[in-house]
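Structures for review follow.
Paired with subunit B in one complex and with subunit C in the other, subunit A is shared by the two complexes that follow.
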Partner chain A sequence: MSSIAATRVQRELKDINSEECSGQNIRIELMNDQFEHLKGEIIGPPGTPYQGGKFKLSIHIPETYPFNPPKVKFETKIWHPNISSVTGAICLDILKDQWAAALTLRTVLLSLQALLSAAEPDDPQDAVVAKQYKDNNSLFYKTAKFWAQIYAEAPGPTDTDCMDKLKKVTEMGFYRDPSLRALSSNSWNLADALDNIG
Partner chain B sequence: CRVPFVLLLYWYLKKSCWVCFGSESDDITAVWIRPCRCRGTTKWVHHNCLMRWVDEKQKGHSYTKVHCPQCNTEYVITFPPFGKFCGIIQTVDRMIYKASPLIATGVLLGSVYWTAVTYGAITVMQVLGHKEGLDMMERADPLFLLIGLPAIPVGLVLGKMIQWDEYLLRVWRRHAHKLGILNYLFPMNTYGTVRPTQPHEAPAREIKFTRVFCGAMLFPTIATIVGKLGFRKVDGNLQRSFLGGIAFVAIKGILKIYLKQQIYSRLGQRRITNYEHTDSGTPT
Partner chain C sequence: CSDDYEDDEEDINNYYNNNEDDFADSEEEDGDSTSNNNDIKTSNNNDINQSGIIMTSKLEHFSSKTMTVSETNEFLWKDCDKASVVLSITPAMSRLVLQASKWKLAVIKTRLYKTNKPNFLESGLQNATNSKSIEKVKSSRPKVCGVCLETLHRSKLLALNCGHQFCDGCWKQHMVFAVKDGMSQGIPCMEPECTLLCHPDFVKQFYPVNQDSPLETAYKTHLFRISVSSHYQLRFCPGVDCTSVIYGEKPKPRKVQCLTCKTAFCFECGTPPHIPTNCETIKKWLTKCADDSETANYISANTKDCPKCHICIEKNGGCNHIKCSKCSHNFCWMCLGDWKNHGNSYYECSRYKENPRIASKNSQTQAREALKKYLFYFQRWENHDRSLHLEAQARSRIQTQIEEKVNSNQGTWIDWQYLLRAGELLAQCRYTLQYTYPLVYYAETGPEKALFEYQQAQLEVEIEGLAWKLEHAGEYQRGDIENQMDVAEKRRQTLLARFVTV
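Moving on to the complex of A and B:
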């Protein structure tokens, strides 16, 4: 790893840890003493279906950092129009062509938090989620909240209807993740979900 | 949370590079610049760090304009003066670079043109006879030859593209019932036939370029041969070749129409056979 990248990541981490105002609900940790792979965590912002959830991120620092953006994706599964519900890949301009060397890992994580508050369904990463977001926003809200509770330890009582359906499908012998994805992609219709599971 | 004013002032005054986040104390020898309108934390940057950012944005095109990602000011990049000799070499190099595609296209088109001229000349000699052809071309206006000779292969290809037999066949099919005698030769409607609907309602077969090209290029040779074989009594090479060409086209057209008609009526007489049960074999 080039020295610029390593020293800069080191400085950034020092800044984040010494941040006096730590009310931003973001965290970055080293995986090992190399600076290539980092772990991040953001807390779901209030007023969103992700409220209080702990979303883990994997951050890969390329050799050419900060001239090229870090590669960030969600490790925690999340139901969001701009994040793939399968791979966790993120569609965010500053992680692609709008990257600037003056941006930092901290600003990236804050931007991701902002993305959770304000989705961009017209520039989707996950077309199924984006369609649900536009066509049936209340169903989207319910689904995203349920996902946050299942995967990101978001507080609050879980939706009993969703839980029952998920249980029904998993009791048939399907794994939880594909079952939940199938139900969520098929408007929580049990029969349709079973047809399209996989 | 409140930040003490002194600390804010310190942050404002201290230089910090927005690329590597290094400060003045990290490397006292580094060159600092402020290349844009930015103030505060993105005002200062190491010259070397910004150079690398510019390289990354330009991706090898060293004349592409680069703007500050924050304030969008265009960076002014100056080059040291270039020696006169190097300048001349670069200009020549660029001219050659720009001219080569043009020259290559010209050479290609030129060779196609001269091939066409040569083919035209050979055809004239073939059709008129060797000596008469040469005489005619020597007497003709050179400008006329330069335009007329290459027009011969072009005309042959264009002529070959006219699918007159298809047209004739279609006209004939439409009016077939009026021509009683011909129906004996080319059966049109046999009772109990199922007329194929799709294939022959579809537009005429597509023109296959290689076939058209070969046919057109060989046509003068064939016309000459047919003329020599079939019209020995006719005087004059040109007239003989002309008649030979017409005869060849006519015979070929008739054969083609005949074959097509046979295929068409055969298609109409297809039968689907009953499935026969056999005890030995298992149905698959």
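Moving on to the complex of A and C:
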């Protein structure tokens, strides 16, 4: 790892975990002492289906950082138009062509938090989620909240209808993740979900 | 080579023939180049170029020049000098303005005179809101470089006009990566959302003078590529390993030829010359041919059976009028029909007859019909292509035959020249004919298409006539062949004159 990348990550970590930033509900930790792999966490912002959830991120710092953007993806499964519900890949301009060397990991995490508050369904990463977001927003809200509760420890009572259906599918012998994805992608219709599970 | 542009004023006219005052110069109007320069290779209309193809049609070409990399660089910096005077900024900064305006100085001038505001915003020389960052520059306290986060003294920080200051180490690294990634828009400022771009003078301070530096080499290549690709009058030669740049004074979708490697291409789209088909259609056609190459493969056979005696015949000449070696039946290679019907009357062979009741048929039938139609045109396209190759071989045979004749005192070289000219003209006509097929394939049914098909058929008859006479040159008089050449070329000109627009 080049010295500029390492020293900069070091400085950024000091800054992000300082008192000043503690109110922003974001965190970054080192995975090893190479500064190559970092673990991030953002708290779901209030007023969103993700409220209070803890979303873990994997951050890879390229050799050419900060002249090229870090590679960031969601480790915690999330139901969001701009984030792949399968891989956690993120569609965000500053992580691609709009990256600037003076942007920091802190700004990246804050931008991701902002993305949770305001999705951009017209520039989707996950087409199924984006379609649901546009066509049936209340169903999207219910699904996203349920995912946050299942995967991100978001507080509050879970939707009993969703929970029952998930139980039914898993009791038939399917794993939880594909079951939940199939139900969510098929408007929580049990028969359709079973037809399209994979 | 930023110094190149300071030393010579007198040969500026070599590049700017009638461009001397660009303001009045619009690229639309037609007219001959008044150029008569010596040091740049010029290909003009109405002469025979080095490859020997006779250029007779103004519809097919426009005057172009072949330039080397250093000639092109000199040419570009001269444009920068001119723009610099107009805009009252340095030539290096002018370069960004020119790149954002396709290097149309006339457009830049018009805009300046009309609005009093140059397009510095789109050029990356100015931000939409430019005020607040400038104030920061005035503070003399030590500052932090926003990229490496080191605390530095103001003197070590550098900024573009936006005032976003970063240390020299970070700028340099940024430039190295930016040119390596081949950013097509230039090197941006490192501040988020800042739209400024680094101009050549700003970049220059990060590499040593008078000494080789990887950044300098990479940056100059990068800058050259951006400049040529953004210039409305310049194109990289598509020839393999050729570094030449072609200058077209008044760009059009027409044929130009690189005089270094002889590659001919359409100035507009870079594919092989394709009139009378337009750029958009040829692109569609070539993509389709590439996609459907599997389907079309089976027809690319070099042998067919004689429709009368069924002996297997191999086609080894370009001519599509075939005479069976066994039964002497004259037939057409394309449609296997009797050659008698391909005579002077209406020539049906080139025309695909659409099934008029096809719209009412089911989708499977329609798909089969669509494939049939495509194969019909593809087969002709492909066949003329093969004929062109075979006839190119024939031309070199003619060359040898002429030499033999001259050596055995059967006339002089000049006496037999007409055979070579006929071969070249045949190639030229057949090439145009080949490129009529994509146009017809995509044309809407109607009187225009009917007229085009009629003229296409007329041209095809004369081309095959010429091919036949040339393959049997011993049986025909010189006058006969020259007459046939004349007729074929006239048909070609008629078709182009009627159907080539823009």
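Miscellaneous remarks
One rule holds for everything that comes next: the second predicted complex is superposed on the first by the 196 of 198 C-alpha atoms of A that agree within 3 Å, B and C clash if a C-alpha of one lies under 4 Å from a C-alpha of the other, contacts with A are read in each partner's own complex, and residues count from 1 in each chain.
Here is the rule we use: contacts are C-beta pairs under 8 Å (C-beta built on N, C-alpha and C of every residue); 3 or more make two chains touch, one makes a residue touch a chain.
The shown structure was predicted, so the numbers you read here are calculated from the model rather than taken from an experiment.
In the superposed model, A:K165 lies in contact with neither subunit B nor subunit C. By the touch criterion defined above, A:E12 lies against subunit B and subunit C together after alignment on the C-alpha atoms of chain A.
In the superposition on chain A, contact of A:T107 is made with subunit C only, not with subunit B.
In the superposed pair of complexes, A:I4 makes contact with subunit B and with subunit C alike.
Applying the stated contact rule after C-alpha superposition, one finds that A:T64 touches each of subunit B and subunit C. Touching of subunit A by both subunit B and subunit C, each in its own complex, is seen for residues 4, 7-8, 11-12, 64, 66-68, 98, 100-102. Subunit B contributes residues 1, 3, 18-22, 41-42, 49, 52-53, 56, 69-70 to its touches with subunit A in the complex. Interface residues of subunit C facing subunit A in the complex, by the touch rule stated above, are 146-149, 164, 166, 169-170, 173-174, 177-178, 181, 188-194. Interface residues of subunit A facing subunit B in the complex, by the touch rule stated above, are 4, 7-8, 11-12, 15, 20-21, 23, 64, 66-68, 98-102.
Those residues of subunit A that touch subunit C in the complex are listed here as 4, 7-8, 11-12, 64, 66-68, 94, 98, 100-103, 107.
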